[in-house]
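Chain nomenclature is as follows: A, B, C and D, assigned in order of appearance, with residue numbering initiated at 1 for each chain independently.
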Amino acid sequence: MTNLSRRTLLQAMGTGALATALASLPTFAQDRTAIRIGYAVSKTGANAGGAGISTIPNYLLWVDDVNKAGGLELSKLGVTLPLEVTEYDDRSSAEETVRAIERLATQDNVDFILPSWGTGSNLAAGPTFDRFGFPQLAGTAVTDMAPQLAQRWKNSFWFLGGGHDYANALVNLLVKQRDAGAINNKVAIASVADGFGIDLSKAATPAFEAAGFELVYDKTYPLGTSDFAPIINEVSGLGVDTFVAFSYPPDTFALTQQAVVANFSPKVFYLGVGTAFPIYPNVAGPNHNGVMGVGGIDPDSEAIAAYFERHTALVGQAPDSWASAVTYASLEILGQAITRVGDLDKSAVAAEIASGEFDTILGKVKLVDNQLRALWTVGQWQDGKFVGLAHTEGKAAREPVVPKPAWVPAS
Amino acid sequence: MRFSAILTGLVLGGTYALIAMGLTLQYGVARIMNLAYGDLIIAGSFCAMLLFTAMGINPLIALFIVVPLGFALSWLVYALMLQPLARRSPNRDRLEGDSILATFGLLFVIQGVALVLFGANYQSYSFLAVPIDVLGTTIAANRLLAFALAVLFGVGLWLLLTRTRFGTVIRAVAANPGSAPLVGINVDHVARLAFALGGGLAAAGGVVVSMYLTFSATMGVIFTMKALIVVIMGGVGNLLGALAAGLILGVVETLVSSFIDPGLTLAATYLIFLAVLVVRPQGLFGKAAR
Amino acid sequence: MILLVSLLALAALAAVPFFVGAYPLGLGIGILGYGALATAWALFSGPTRYISLATVAFFGIGAYTVAVLADLMPYPLVLLCAALIGLVVALLVGLATLRLAGIYFVIFTFGLAELVRQLVTYYEVNVTRTLGRYVFLPIGPEHIYWQLLGLLAVTLALAFWISRAKIGLALRVIGDDPVVASHLGVRITRTKLALFSLSAVAMTLAGAIQAPRWTYIEPSIVFNPTVSFLTVIMALLGGPNRLFGPLLGAVPLFLLFEWLSANFPNHYSIILGLLFIAIVFLLPNGVLAAWDKFAARLKNKEASA
Amino acid sequence: MSLLTLSNVTKRFGGLTAVNDLSFTLTAGESVGLLGPNGSGKTTALNMISGYLPVTAGTIALDGMTISTLGPERIAHRGVARTFQLVRALPSLTVGENVLAALAFRKAPLWGSEAEAKIGALLESVGLAGRQQEQASNLTYIDLKRMELARALATEPKLLLLDEWLAGLNPTELRSGIDLITRLRQSGITILLVEHVMDAVRALCTRCIVMNTGSRLADGPTADVLADKSVIRAYLGDDHA
């Protein structure tokens, strides 16, 4: 006992002393060979699937793009420096995320920290980013709390909107279709009982009701459900023209397959996260055509097309058509803000992100109250692209195809 | 409506039973609580997907490649890693503790390899996703096929265990590992075979579920736990129990989802499982301890 | 003497936050958190040899209690409520489960943790219509560190007391042979229930104390089954039947995880897995046995010096 | 006055009837042998008396109070102690702790220095003087049996159930074992012993109850019972089967 405690204590104090010593070392610009970027992302655990599609590839791509271009120019220091990455695996745990950020901030002394994937991890990381004064560019967090969070943590930036944005856009779009006589008044909603599904269904249910839709089915299913036959069987007998699922990727794929098998082919088939994934057309085969979902891209944008190409070349697969481009744009904003400030002053960079206008693959972007308010909210697969049908600010890239083509039975 | 729910439930339950059968062999006979079991299932799924998408090999044919691979891999794992532990353990408690730790490590290794090879993305391919009408209920052909395969493997295994000498030996070891050597049975050998056989079944389960489920490198734990629940609910080492428990869980899940609330399906699964154990602590078909 | 040394050690550990930076403090929190969980786990599971995977059920209940009640009452009262809720759940569960033995108990407790998670999710989704909850409490990392340190110290003291008390003997008798225990007049159910509940309360508190660190609480974060598995593995590795065994499993494993995820983020899983297997082979009796050998050698040296 | 009364006690396991309508009484201070071929239900009967198995039908009473509805720990507190057919030590405990476990959880518990003194005395009485600190798992077979007896005695029983306590001992050990039980008898404890060693039964028991296929076959003074033809047939018949 004596030995143990003394030893632990010494160790703890030793680490501490070392940390203090490291932290107090002054860093001179002329000693620098790189701008240090750090991030902890979910390489394992429950979030690994999402991070593997929307977050990690874009971090890799951005670093690659910047370094191929010679790095970022720091005019005040008179150098142009490449990016150097320190990465950790947060193992999909909030506790690990927080500690990894503490480590990046105080041990590795990185200049900027990129956040992990998902709403929960970004919220968990908020206070820590704030404490160390790092700008937090949450590219994959959907939360209606964003305005309050941006006030609470001054250097936090929220890029993916809240549940209301997506739900309201969907309802507006469907109101137009109904009023044009393309669909009937009945809607069925199935939501995953997890953060995303609940946030969206909480916003969608009253919006549908306010718009005069009849919600004949509005239920949740647990995270990890593998069999959707009961849900599809029940819904298919209700005479709905619109089926909405606020679902996670495995559910999205399974729901599609089940609907095809049960030959439940409503005029509007809308599915939550995963529809915009590049793998979706593989899963759904010819039936991906006309399926709607969260997100979307501008199919006519050359910047987006070039981004898809670079992404595919580096990572081996196309990005998803929702959070990927937004995540990449958030990184472009960070890079441009650093160049404009001309050194690595975190608060100056954060201030620039908050106030400046930036040129990104999404077009010209200016944040409002620390939030990206220019978002694609509803998308639909048309001609091999997941095109934006609704945008919070601009107009639609394409008109919705309603009814969607009937399912082609798989062979 | 009710009939179709029961039918859908049976088909789902067939999958549960299939993935549980291998584990019940491994735990019931080899006394290894294999936490890496689900990761072997996922490995089977990856193989099937690779064979199907890259070489166009039908998953049914892939079974003939993947199952022997699973068998061989499990054989090696047992021979290299678990047998020394089994020999070293003075008693069952000790082996259980050691095997939990060691297969927990194996879980990470398999998962890590899958992550390096395939990344963390969700994987899926479309095979036989065509509707088939069974007595007025529409069911996907691939699920029906999965059910048929579950029945096939179940019956095959049952015949193997009840009609062959090897099966008799396996059952003897499962029933009483202590006295098996007295009648000239090489317990080591039997345990290794049973473990390998269980691994083959896991790989088969992986091929089958890959036909209709989305999977990813990190999803193995889910299968392990589902299989464990089915095994425990049915009674350790009892094939019939695993079958019954799998079907019960499938039907309950579907009925709850259809008639009560999809939000309660998993809660209902665990509730049924816990209720069975409270009433019958040894599982549905298990014998009372000692 | 032992008391004095323990108090000194405690005081020294309590002073750590004044000297170290955020990251070592974070490490300290992680270590103390798992140390407390593993020690609490071993309170019940060490002597009885019942491997429980319900750890995260209580851990999550604690975190959720804080999330729900933090705005309604002062923090110490919240902790008290969390402890009480954990106690009630543990008593209910204990009464239902303690007939089970071996692997049946293991999987039952796992099912239990998942059931709690499903029910919390269902409640949140259908009744409150929110899944995540926000915990904005003015509690910094150093406060969490001190609270966890206190929890660990109390749990260790409790474990020490139990090992000397009648109830400790009762547990060891039950662990060795429950049939003999009952024939000697040991009230098995009552004894197991008491210890199970005590251990559950400590786990609940571990969850409650750490909740403010995450800001955002949702079932998939606080009912993550990995917590249960890690706790078991740490305790088994260190040696669940010794006072400091679980702690000695928790400290090196935690540091190992940290080191691996920092240095081999892409091959973390594989290396960790191989290390695990190696540990089973090389340290068959747990860290503590190796430590004992080491300590014995030290003692010999001191004696000869 | 009767200490133990079994009235029409039956035990079924599924379709198998292990004990069938068994009735007998033990008077305080008696030492009775419970005999019968293997599988005749003797151990099952002991298990029901000690509360390890619940009865299927019938009642068991101790001192006129029904105990067949109680669990083993409550029955132990009423004054019934037992040893097991296959000796059951608590292997991870020391010899002293094995006995302490019995002292600590009995009706009038002992703990601390009082217990220490008592442990010493008990171990001495069974011939294990001064071996408190030894690990139970290191004991020889006879010493384990002695320890188990000391443990049973530590609960201060009125009724002691011995399940083949003398089985497996060599002639010297057997002699000292019989002496030990004789001394116990003289101290006034009521003893019910299941035993196959006939010399021991003759030396220790004034009365014997013989069971066959779950039922009572004979009950009477030892010499008479052992001479009974049906008893002899039951034994020989089974041995040849």
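One rule holds in what follows: contacts are C-beta pairs under 8 Å (C-beta built on N, C-alpha and C of every residue); 3 or more make two chains touch, one makes a residue touch a chain.
None of the values given here were measured: they were computed from a predicted structure.
Colleague: Report the chain closest to the protein's overall CA mean, measuring from each chain's own CA mean.
Modeller: Central by C-alpha mean position: chain C.
Colleague: Farthest chain from chain C, comparing Cα centres?
Modeller: Max centre-to-centre separation from chain C belongs to D.
Colleague: Please work out which of C-D and A-C is bridged by more C-beta pairs in contact, and write that pair.
Modeller: A-C
Colleague: Taking each chain's centre as the mean position of its Cα atoms, how many Å separate chain C from chain D?
Modeller: Chain C and chain D have C-alpha centres separated by 43 Å.
Colleague: Using mean CA coordinates as chain centres, what's the chain A-chain C distance in Å?
Modeller: 34
Colleague: With chain centres defined as C-alpha means, what is the inter-centre distance between chain A and chain D in Å?
Modeller: 72
Colleague: Can you work out the whole-Å distance between the CA centroids of chain B and chain C?
Modeller: Once rounded, the distance between the two centres reads 31 Å.
Colleague: If a residue has to touch 2 or more other chains to count, which residues of chain C qualify?
Modeller: Only 118, 121-122, 125-126, 266, 268-269 qualify.
Colleague: Can you list the chain A residues in contact with two or more other chains?
Modeller: Counting only residues that touch two or more other chains, chain A contributes 43-46, 193, 220, 222.
Colleague: Of all residues in chain B, which are in touch with two or more distinct other chains?
Modeller: Where chain B meets two or more other chains at a single residue, that happens at 111, 115, 263-264, 266-267.
Colleague: Draw the chains as dots and join the ones that touch; what shape do you get: line, ring, star, complete or other?
Modeller: other
Colleague: Pairs of chains that touch, anyone?
Modeller: A-B, A-C, B-C, C-D
Colleague: Enumerate the contact residues on chain B facing chain C in the complex.
Modeller: Listed in rising order, the residues of chain B that touch chain C are 27, 33, 81, 84-85, 88, 93, 96-98, 100-102, 104-113, 115-116, 221, 225, 228-229, 232, 236, 263-264, 266-267, 270-271, 273-274, 277-278, 281-283, 289.
Colleague: With touch defined as at the start, can you tell me which chain C residues reach chain B in the complex?
Modeller: 49, 51, 96-97, 99-104, 106-108, 110-112, 114-115, 118-119, 121-122, 125-126, 225, 229, 232-233, 236-237, 266-277, 279-281, 284
Colleague: Contact residues on chain D for chain C in the complex?
Modeller: Residues 50-52, 71-73, 76-77, 81-82, 84, 88, 90-93, 97, 100-102, 104-107, 109, 111, 151, 155 of chain D touch chain C in their complex.
Colleague: Mind pulling up the chain A residues that touch chain C in the complex?
Modeller: 1-6, 8-9, 12-13, 15-17, 19-20, 23, 43-46, 87-96, 98-100, 102-103, 105-107, 119-120, 123-124, 126-127, 131-132, 145, 152, 193-195, 198-199, 202, 220, 222-223
Colleague: Can you list the chain A residues touching chain B in their complex?
Modeller: My answer: residues 42-46, 48-49, 51-53, 190, 193, 219-222, 224-227, 229-231, 233-234, 237, 249-250, 253-254, 257-258, 260-263, 274, 277, 279, 282-285, 317, 409-411.
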